[in-house]
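Chain lettering (A, B and C) follows the sequence in which the chains are written, and residue indices restart at 1 in each chain.
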Amino acid sequence: MARTRTTKKLAQRIDLNYFKRPTPLKRAKFWLSLLLPLLGLLWIAERTFFKDSRVYSSGRLSEPHAILEKQCDLCHARTAGEFSAGASIFGCLNCHDGPVHHSVDLSENDCVSCHSEHRGRINISATSNASCAQCHSDLRAHRGRSDYANQIQSFESRHPEFAALRPVGGVAARDPGTIKLNHAMHMKPLRTGATGSEVQLSCGNCHAPNAAPRPVTYSDARYVSASVSYLDNSGPGSSSPDTPVERHPPSGWELMAPVKFANACAACHLLTFDKRFDYGAPHDKPEVVHAFLTRAFREYIAAHPSEVRVQREPRRDLTGKPLPPAVRVLTSAQWVTERTAEAEDLLWRKTCKQCHTLTPSRRTSHRKIELPVNQGSNTDKLSSIPAELPDVAPANTTLRWMPHAKFDHGAHDGFTCVSCHAKALISAESSDVLLPGIETCKTCHAPGPEHAESRCFECHTYHDWSKRKEVTPKFTMPLPTGNR
Amino acid sequence: MAATLTPPGMIDITLDGRSVRVPADTTVFDAARMNGITIPTLCHLQNQTPVGVCRLCVVDTGARVLAASCVRPVEPGMKVVTNSEKVLGARKTLLELMMSDHPSPCARQQNSGDCELETLAKAAGASQPRFAKRTVARGKDDSSLAIAVDHDACILCDRCIRGCDEVKSNFVLGRMGKSYSAGIAFDLNSPMGDSTCVSCGECMVSCPTGALTNKSVVGTAIVVGPGAQGFEAEDLLQIPVFKGVSGTFLELNRGAIVKRRFRKGDVICREGEFGSTAFYILEGKAKVSISTPIAHVKTQGGAKGLFKRLSSTLVAREEDKREEEVRDRTIPIDASVDLAYGNPVAELGPGDLFGEMTCMNFYPRSAAVIAESDVVAFEMLRNVLDIMLKNKTFRGQLDQTYRRRALENHLRGVPMFADLSPDFIEHLKESVELQRFAPGQTIALQGDPADSFYLVRIGFVKISENYPGGEMVLAYLSRGDYFGEIGLLGGGVRTAACTALDHVELVRISGEDFRDMVARFPSVRTGLEAVAAERRAANQQRMQMVHNVPIDQFLWQGLMEAQSLLILDLQNCTRCDACVNACADAHDGITRLIRDGLRFDQYLVATSCRQCRDPLCMVGCPVGSIRRRNSLEVIIEDWCIGCGLCAQNCPYGNINLHPFEVMVDDPERAGRKKPAIKQKATSCDLCTHLKEPSCVYACPHDAAHRVDPRTFFAEMLGQGPAK
Amino acid sequence: MRMDKTQRGWALLTLAILAISAVVYVLYAFESPQGPRGGSTIGLIFGVAGFSFMIFAALLGARKRVPTWRVGRAQAWMRGHLWLGFLALPIILFHGGFHFGGTLTRVLMWLLLITVFSGVFGAALQHYIPRVMTSDVPLETIYDEIGSVRALLRGEADRVVESVCGSLGLNKTSGEDGQRAGGFTALRTIAASAVLLRSTAAVSAGASAAVAAAPEIILLSEGESAPLRRFYLNDMRPFLERPKQRGQRLGDTDKARAVFSGLRTLLPAGAHVTLTDLEDICDEARQLTRQERLHHWLHGWLLLHVPLSLALILLGAIHAVVALRY
């Protein structure tokens, strides 16, 4: 072939300085390498020029802080002489008070150890389980009290059953309440009732959240409007000393209001004491009832003097006891005492005792009874009451079963009551704790987007807002600047 | 018919019907000549003994056969016819026969149109011979610088032989061979250039045809102008060195020599220039120097940072000596003196000849010569130089100059001889012999008895070894190198053939002196032995290789010749040019590597010095700046004068010339320096100052390697024929 | 760079670092109450490590500018660049806890992603394309010089055709700009009769052919050479001038072969050598086009990779300063 290739011939085709000349490829690379970083710089410079530090932000601020997004220096305060201008606790404390947790002073914990900012439009108060678990996964090591479960990692992991349901000393948990109530029976159709011959009660007939209107179906207006002299008590745990107080006042929809006789029971459970009267005894302390009865009979005999002649009912002579004379004529006082005793006997032994736990009084009858002022128009001084009045055990209704956690019935109103409180249908004893167990919660509250929130903060709170202090606001809205 | 009395000593004859009286013993030829009759001849010349070989001068004397007039004496009453039909026919046939053997037009006919044979043949109408042409050529001899020999044109008239023997008494020419292969011969049939011929030109002047012609130097004639005075042949003949030269010959070469006058400070010649003349100083003094600053082209690695500068950093020699540099080293130049390393300036005086190598071998000038005082010098082309050098007187004079001025330096320039005592040097000065060899001439044959030790004074010597099926070049030796020690120290037999590559002059130290020297100076012996052992080992290795490597593309690409190849593994190479950039960065922005070339297997053999075993580039360097280190790499020393011969010679295109900015003496303001652009040859130096070749070091893809091809490709070659 | 056995060390090292940091990250991500954050100690360590990997990778560019500095072989740098540069991505993802964060960090993250993936893509290209180029383009030359080599080819083709067809009246490319390699500049005024060196090397290297032998001139008559002349002016010259234009017969190997065998039947045998040469020239021109295309693949991705990485380093540094500050 005529065309031969030799090293020398090949080399002679090449310009010795070719590598110094740019090719389009090299030139493009050079200019792009210049241009792109320059663009980057320009961008930064432009942002800096417009005093927009948002570019440096490591993420968007949380929802409530969104307004601060352009004002980095509110948190990132610069201290003279220091390089770093990291956000510190002082930035938070400008606006916020962060009362300490429980009794344990955890002040060494910075706000950011739980509330991390620049994470996007998140709920900054929704702290991670791990924030709690820093201490609660090993509480002992953190000077915690030993009476709490001390190895909780999360709701799913090692969270104990609710305290109210936990057996104490081998004995199953009991409702400390003293009102005798057979939930199961109340949930069955009842043959008699205020509203008809056969009624079916629903939970709402008795139970309603605090903020809801009192149930009326089974209420009695007289009792509702009447004032009582006894005090509503709340069950144990409702005022535990180290229960942090919620920051926001309760809406009233969270917990159920205590079930009141006037609202829920009065329609069926009549406090009738004598057939002469079409009204019942007041739902009050025995002393008040006694006074009421005495007065009622006294007024009655005054109005019907003929009634002092008492005719024994023959039907009732079934005991073989020596019968009193068939017709007796009593003094009005005698009559009043007799009738009162009779009515009280009925009440104490039957009507009241059906629900309340009465114990014979060890007290003297010389108790000073103070009737409600507005009721005592004709207050008599009953210095000596012959009858022995019983003591009514306090109801001990537990209004808040979980003293360290918040629960909102309102948030759960999509459910029927019994879907959680299933035991209400079968509970015959008032000592049964009808609080649903943790497993019930866990059916919905579990990690993952398809489940309801299950992180600690959902039920528990950290800051004890009872210890809150007033913070003087230092933050002013930035003046609107132009179109920006 | 009046029979007049013939005076004694005279003879009467009839010449073409005319009665003439001629002296006795006159030849018929001369008789005719005296009487105005021209008899054509080829072999006869007036100043030579007639021999009658061409037979062209035949005349009819009435005898049975025609007689050659040049050798036939007249006889009384002889009737001579010179132009009868018969005679003319015989001459025509002779001319036809000769013309059938003659390359028409021959060299003489071409040059000057005066080939005697062709002129005669034309006149006789015999230009187109009836006879078949000669089928076998007798050959040409181009070895002489002054005279071209074309045996084909020779008609065996012997005029040259007689000119040489009778006229000049040189006794060089003679006859050789028989019948069809007969011809003239120099000495014992040596090439003319190698023979004892003194280039007097007599033979050439005598030759009737184009067999011996004057060689003028093609395309070059010395311009005669102011300061350059031409010569007439007579003037030249007055000069002692031209004694004994044929005047005609000198006449022919008139344009080839001028006498020049230089004023003080004039530049006689510049280094690096190409020239074709030599100078012979008649009067005055001249300074010879290398004006290219002798300094390392130094690269401070990457210290120069990101910005490559084209200009180089030159560091003065004094500050920075390379290893292997010896104090006594000299730079060989094209004159009877060598230049010292540190101070490359020397002086030339009357009787000095310089520019010999340039003139003879067309090498570039090795140094600049500047007139120190007013200088008168001959400037001559190589035919005249040859004439001069062949002159015994002149040779003697040159020898003397050399012995006096350069031999000691030359000997001491060989590191091993540095210890010789002055008295021994004196002895050597007298006893050494200067020998000249023409291109291609064998200095010693492999297997010859070793009887001498040689130092190369001028030119290049090829050392080669014959092996079955070829010849392997072991080395090229140039000025300052020596050879012959292996034979002398070893078995007494030459282990390799030594051949002159060009016009070579050697300093011969006889075996006796050599042995004496070795005995007296043990350091010389140890040094020589070490080198000899090294050479032997290297040679052995090369021979080994010859036997092992298959002859194929590997050979074709010359890879076997290489000691070190820069190869790029094309399967790894991303063509990013990092190697080229690294090379440029390591060498002042000039790359010594071109990422193009032929492929071998999956490797690209990049264009970068291969450190050939047979470094052609070194041949011809006028200043010996391209040389081999002891470690065998080929490097270009700093006194490169930028002639570009090495670049031209490199078969692989691995040497390039680059302009460097250097400081040179300002001619206008003495003592000041000014920047100037000087060319310097560059080739890969393996980055010796950086430990590892930068290209290899900088290759990010593990593609570039510097390898010894034999070991690297050994497996591949062993496995079978490569692609 | 080929991905071969020699990379095993780096690959193992990379895997080891990746595994260790992944383990550290997982532990840390679960341990820390706030989840993984760039500002925490471990996050910072990740960030610093990732950024130093990036800087190291970027330093390769600087290293290439000082090839003679003895600061470690370029090969080692390249490997470091490949593996550590790749490692920068997971480490930085660990640093950011797989969040992209705010504007600047989001930009940075995307820059890093594009840079790393363009780098991986480039590494893959540089793994395969050299082989393709080696097998497809045996006559390759230096990319930068393709233009001038083409011009030389054109000149050569002109000469070859004109030696057969006589003058075509084409412009002769006037040529020698710049300093050519291969000892080209050495061809100065060396006398014509200078000693011509011959040696085994010179012969074996085809050195005698280094000076192009003048093609034997067999001038054809006008009529005979017409097909060649027409072909050359209409097809081949345009192809040599604009080899990248589409739809040229000579641009396709098979079509070109057909064209030339057609021409062989049209031209006398004396011109067949010329045709072989022309075919050869076309082949070379075609290969150069292919080389160009491959070269663009081989180095085109750098247009993305390098500028982006520089921007990445610059903005990364700004991010580092600002983030350490705030």
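Rule of thumb we're sticking to: a residue touches a chain if its C-beta (ideal position, glycine included) is under 8 Å from a C-beta of that chain, and two chains touch if they have at least 3 such contacts.
Note that the structure is predicted; figures quoted are calculated from it, not measured.
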**Chain with minimal offset from the mean of all protein Cα atoms** = C
**Prompt:** When the contacting C-beta pairs are counted for A-C and for A-B, which pair yields the higher total?
**Reply:** A-C
**Greatest separation from subunit A - chain, by CA centre** = B
**Prompt:** Where the centres are mean C-alpha positions, what is the separation of subunit B from subunit C, in Å?
**Reply:** 48
**Complete:** subunit A and subunit C have mean C-alpha positions lying a whole-number Å distance apart equal to 73
**Asked** Between subunit A and subunit B, what is the separation of their C-alpha centroids in Å?
**Response** 118
**Request:** Mark out which residues of subunit B touch at least two other chains, giving numbers and ranges.
**Result:** 557-558, 577, 581, 594, 596, 607, 650-654, 656, 658
**Item:** Contacts with two or more other chains, residues of subunit C listed in rising order
**Value:** 141-145, 179, 181-184, 205-207, 210, 295, 299
**Message:** Counting only residues that touch at least two other chains, what does the list for subunit A look like?
**Reply:** 5-14, 16, 19
**Asked** Which of the residues in subunit B come into contact with subunit C in the complex?
**Response** 217-220, 274, 276, 299, 301-302, 305-306, 361-362, 439, 462, 470-473, 501-502, 555-558, 560-561, 570-578, 581-582, 585-586, 594-596, 599, 602, 607, 612, 614, 616, 619-620, 644-658, 679, 681, 687, 690-691, 694, 697-702
**Message:** Which stretch or stretches of subunit A touch subunit B in the complex?
**Reply:** 5-14, 16, 19-20
**In the complex with subunit A, residue positions of subunit B that touch it** = 557-558, 577, 580-581, 584, 589-591, 594, 596-598, 605, 607, 650-654, 656, 658
**Prompt:** In their shared complex, at which residues does subunit A touch subunit C?
**Reply:** 1-19, 21, 23, 25, 28-29, 32-33, 35-37, 39-41, 44, 54-60, 72, 76, 83-87, 112-114, 116, 118-119, 127-128, 130-131, 133-134
**Fill in**
In their shared complex, subunit A is touched by residues of subunit C numbered 30-35, 37-39, 99, 101-105, 107, 139, 141-145, 148-149, 152, 177-184, 205-207, 209-210, 212-213, 215, 273, 276-277, 280-281, 295-296, 299-300, 302-303, 306-308, 310-311, 313-315, 318-319, 322-326
